[in-house]
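Next come two complexes built around subunit A: one with subunit B, the other with subunit C.
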Partner chain A sequence: MNDAPLGWQLAGQDATTPGAAPARYARCLAGIIRREALRWTNQRGRFVSALVRPLMWLVVFAAGFHFVLGVSITPPYRTYIPYEVYIAPGLAGMIQLFNGMQSSLSMVYDREMGSMRTLMVSPFPRWFLLTAKLLAGVAVSIVQAYIFFAVAWFWDIHPPWTGYLAVLPALVLSGLMLGALGLVLSSFIRQLENFAGVMNFVIFPMFFTSGALYPLWRMQQASQTLYWLAQANPFTHAVELIRFALYDRFNAVSALAVCGYLAVFMAAAIVGYDPGRGFLARRGGGE
Partner chain B sequence: MPPALTGIVAPSLLAACLALVLAGWASPALAFRIFVSNEKDNTITVLDGTSLAILQTVPVGARPRGIVLSRDGRSLYICTSDADHIEVLDLASLTVTRTLPSNPDPEYMALSHDGRTLYVANEDNSQVSVLDVNRGQITSEIPVGVEPEGMAVSPDDRTALCTSETTSMAHFIDVASHAVTASVLVGTRPRFAVFTKDGARVWVSSEVAGTVAVIDARTHAVLHTITFDLPEVPKNAIQAVGINLTDDGRTAFVDLGPANRVAVIDQATFAVKKYLLVGQRVWHGDFSPDQKFLYTANGISNDMSVIDVDQLEVTQSVPVGQSPWGVVVAP
Partner chain C sequence: MSGLSYAFGDRRVLQDVGFCVQPGGVSVLLGLNGAGKSTLFALITRLYSARAGRIAVLGHDIERAPLAALARLGVVFQQPTLDLDLTVEQNLHYHAALHGMARRQARHRTEEELGRIGLLDRSRDRVRTLSGGQRRRVELARALIHRPSVLLLDEPTVGLDVESRAFLIGHVRSLCSTHALAVLWATHLIDEASEGTRVIVLHQGRVLSDAPAEPGSLAATFGQLTRRAA
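Moving on to the complex of A and B:
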């Protein structure tokens, strides 16, 4: 893909004209989403692993704990559920978490390859470019999550039909929040090689100290500290928002928490990508 | 949004919401009620069949277990085991209006289809008491095997069936002569029996063996013994207790006690189709009048699970009293 003049291409010929028309913004957004979608479909390995990873958890890991939760009813569930049903929303969250980090990885890659600079110097405002990048990642993660829900249906995970609709805004919100976190991280990562650190110090702790794998009340029985950590974990709220929405319920606390974290991460990302203050400055003027 | 547009949209939204709320109110509110006997707190929980909200908790005699609806749907017969008698709960006033005599510790009974006779199993003296409901008198006692427990009456009211737990037998009793016409050996500790709607077969559950025997009601031959295979549950926790057969002759539901599952069985092939996870120690259940839902009493988790009969899924579990034992739905 010829990315070099991307920003200018997207902006159109008269991009330098002040007050670019909404149509041009839309074209820019469409271009960025198309690029992200191409990246996703062209990388077969990524496509397959994004689906196989949660399915492994669902089919193999959950099988071992099949009956572990058969003793209590926690909202949004209205009856006793096998473990597979419990972790399904958490695995949808995991898809979005990995996707957010993957987008962050691709940002670092773009930066190393130089295409990031061409995007950043386009006449569109920085917040718009970052948001477009974010929306592109979220769109991909939502498609992945729905494919996962479709496959999970055959594993007896049957949320109400209306839940599949209700979960869409929840996926958008949680996807944006996790994507924004990825953006922030990408502004800190200096090289592609450092991504392993992100895996170890961000993805795994976030995943394991959340309500994705075990209900918070169980965690509270084991350790109060861990419980508070989980409560502060943005991923916990992303998962709970998805979990409640999937069963036609609205979790206001989690929705607020996700919105709050989204605002914080987005602000941090915009600052992080400020050529004067963020990573460009720290890296001595850019790539 | 321009103010003019807001002026149009807001009232129409409000009207739509109001219409929705009214539609909700207009739906039949009290189509049927669900009665659950709570063994430990000596009450009957009355729930609204539609909303599943608890309407009332009615105090009754000590240790209510087996409950049966009168044929006119106006009364509930309750085996109050520790009170050593049977109470009659008037379903209009929700008060106990009569008590019927029984031998000590009545646990389960069956009502004849003409609604006049109750057959009560007497665990302690190996007999079945024949109770005339109108007169409120025990008219005769029929000797059967040791520790009688499950009771059933054939749809034509000609045959009564009693299971004896220690002898592990199902005894067919000729109602006219009170003679035991056949005793069929089944799995250890038979607990519950039910005739199919056409009266051709009897399903008998065995608690310790964890099996269900399907017996030909005419030849008294065991046609099939259903076993349950649940790898994730210890074998001794699979205890078959309550059985509910759908009237269309298609599906059977067997409550598996401490296995916390209800087995779904094809009535024609006897194949177990599915296991449904419900509350702990699921004991007995009853269908909604349209047989679209099955309600089960879960004795240890103190709740009642709702099973969607068409979808074969557990939709909800709602708390009831302490140690729920039996469920009866009254239209």
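Moving on to the complex of A and C:
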């Protein structure tokens, strides 16, 4: 901490500024993704529950409604469809919603456990570290979504084969947006205990006031207020983007909405983790 | 660092703190709990932003050139920061990646550092299975894997048994002399400052004294200083 550079070095020292080499950024990103993947595979419970949750909805909830509710022909569908076909994209979105919130939970956990400090004192710019963390979570959520689609195929959910490819960019975009929302939340949640509030006040309202479980036109018939709430809900647009992509269609309005929300959430997360303005400055001393 | 002040709301935690840590030596930052040591470390590592004053690492200002400054810092935090579900080497590789190191280099340095602390045979074990003292050693190895010039240790011996404490202190001192490392060691334990070690006394956010420890008199001097300041 001298004011002038000192003329000594360790043997073979290479602690240089990472800004110079893009390869260093790539290594850092790969390292963060590897850690996320290792944590995911090491925590079997998390892995299983991420898969079982949407399958429960598909098998139990959708089967119950199968004979009660059919969905009339609305884009992107070209025929009448059974209810389970309708909710499948919403359940893929649910995987990403839970994953985004779970990674936010792990950020709060990391912060309480101290491992967030390890990330934050890396010499890479903070925006890059947060983006890398976000991408790592999205990569895991996409693998989970594809496993869900594979299982759902045996449940008579057969989108076109090309849809499985077309849905990838939609999953990337929606995963990023929901993950960024998780980052924002994690920057405002002070303690792990407060996370239960996120379940009650973020995940459930977002899920139930979206088009994941019921078509928006039906919602409009029931309540105009609810319909507008659903339209403003970022999760609605994530689900619609996935739904259209899975059936080889592009929903421009939802794509724009998801991109807009992503920009807003990411900007808020970067502010939240700024050392001068964000959570660290508000928390108080750690002595 | 010079003129460093910081407050949480109305509560002033650091006031006009300034000192310089030299290479090849351990500087002990001695203070009671709540003296401002961890806040000072959070400022040096840019977890908080200093509102007044300046911190530079080898001439790189932490606010204006944070990337260059942080690349030269190795840190062992007061809280344990290892990922318990990962193995020892996975933790070290992750840290190497956070410094942009190539895989081959990371593997080589991991072996080197684990060998130095006598834990090479535990590299494939999960951190959860290590004792407290071993985990601290791994944290030290991790802090050194990118070969920093300045090493910060925030109460690194808290909760350790006598043997682990002695190992850690001895290891850091030997690193200092063999690799000309500049070490800032925060503690509230007076006996961690051996005779002749530079001791910076921090009390209620102010530096009360900055001088080499004298034989046998440090405890009395510390008591006098903190009583006078109170």
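Throughout what follows, the second predicted complex is superposed on the first by the 262 of 287 C-alpha atoms of A that agree within 3 Å, B and C clash if a C-alpha of one lies under 4 Å from a C-alpha of the other, contacts with A are read in each partner's own complex, and residues count from 1 in each chain.
Just so we're on the same page, contacts are C-beta pairs under 8 Å (C-beta built on N, C-alpha and C of every residue); 3 or more make two chains touch, one makes a residue touch a chain.
Everything quoted here is computed from the prediction, not taken from an experiment.
Once chain A of one complex is fitted onto chain A of the other, the partner contacts of A:T118 are limited to subunit C, with no touch recorded for subunit B. Set against each other, subunit B and subunit C differ in how many residues of subunit A they touch, and the higher count belongs to C. Of the two partner chains placed by superposition, only subunit B is touched by A:H158; subunit C is not.
Of the two partner chains placed by the overlay, neither subunit B nor subunit C lies in contact with A:P215. When the shared chain is aligned, no partner comes close enough to touch A:P76: not subunit B, not subunit C. In the superposition on chain A, contact is made by A:R39 with subunit C only, not with subunit B. When the two structures are aligned on the shared chain, A:C28 is found in touch with subunit C, with no touch to subunit B. No residue of subunit A lies in contact with both subunit B in one complex and subunit C in the other.
Within the complex, the subunit A residues that touch subunit C are 1-6, 8-19, 21, 23-25, 27-28, 30-32, 34-35, 38-39, 42-43, 113-115, 117-125, 274-276, 280-281, 284-287. Listing the residues of subunit B that touch subunit A in their complex gives 232-233, 260, 277-280, 301, 303, 305-306, 313-317.
Residue ranges on subunit C touching subunit A, taken from their complex, read 1-2, 8, 11, 13, 19-24, 33-39, 42, 44-49, 51, 54-59, 65-73, 75, 77-83, 85-86, 90, 93-103, 146-150, 179-182, 184.
Subunit A contributes residues 66-67, 70-71, 73, 78-82, 158 to its touches with subunit B in the complex.
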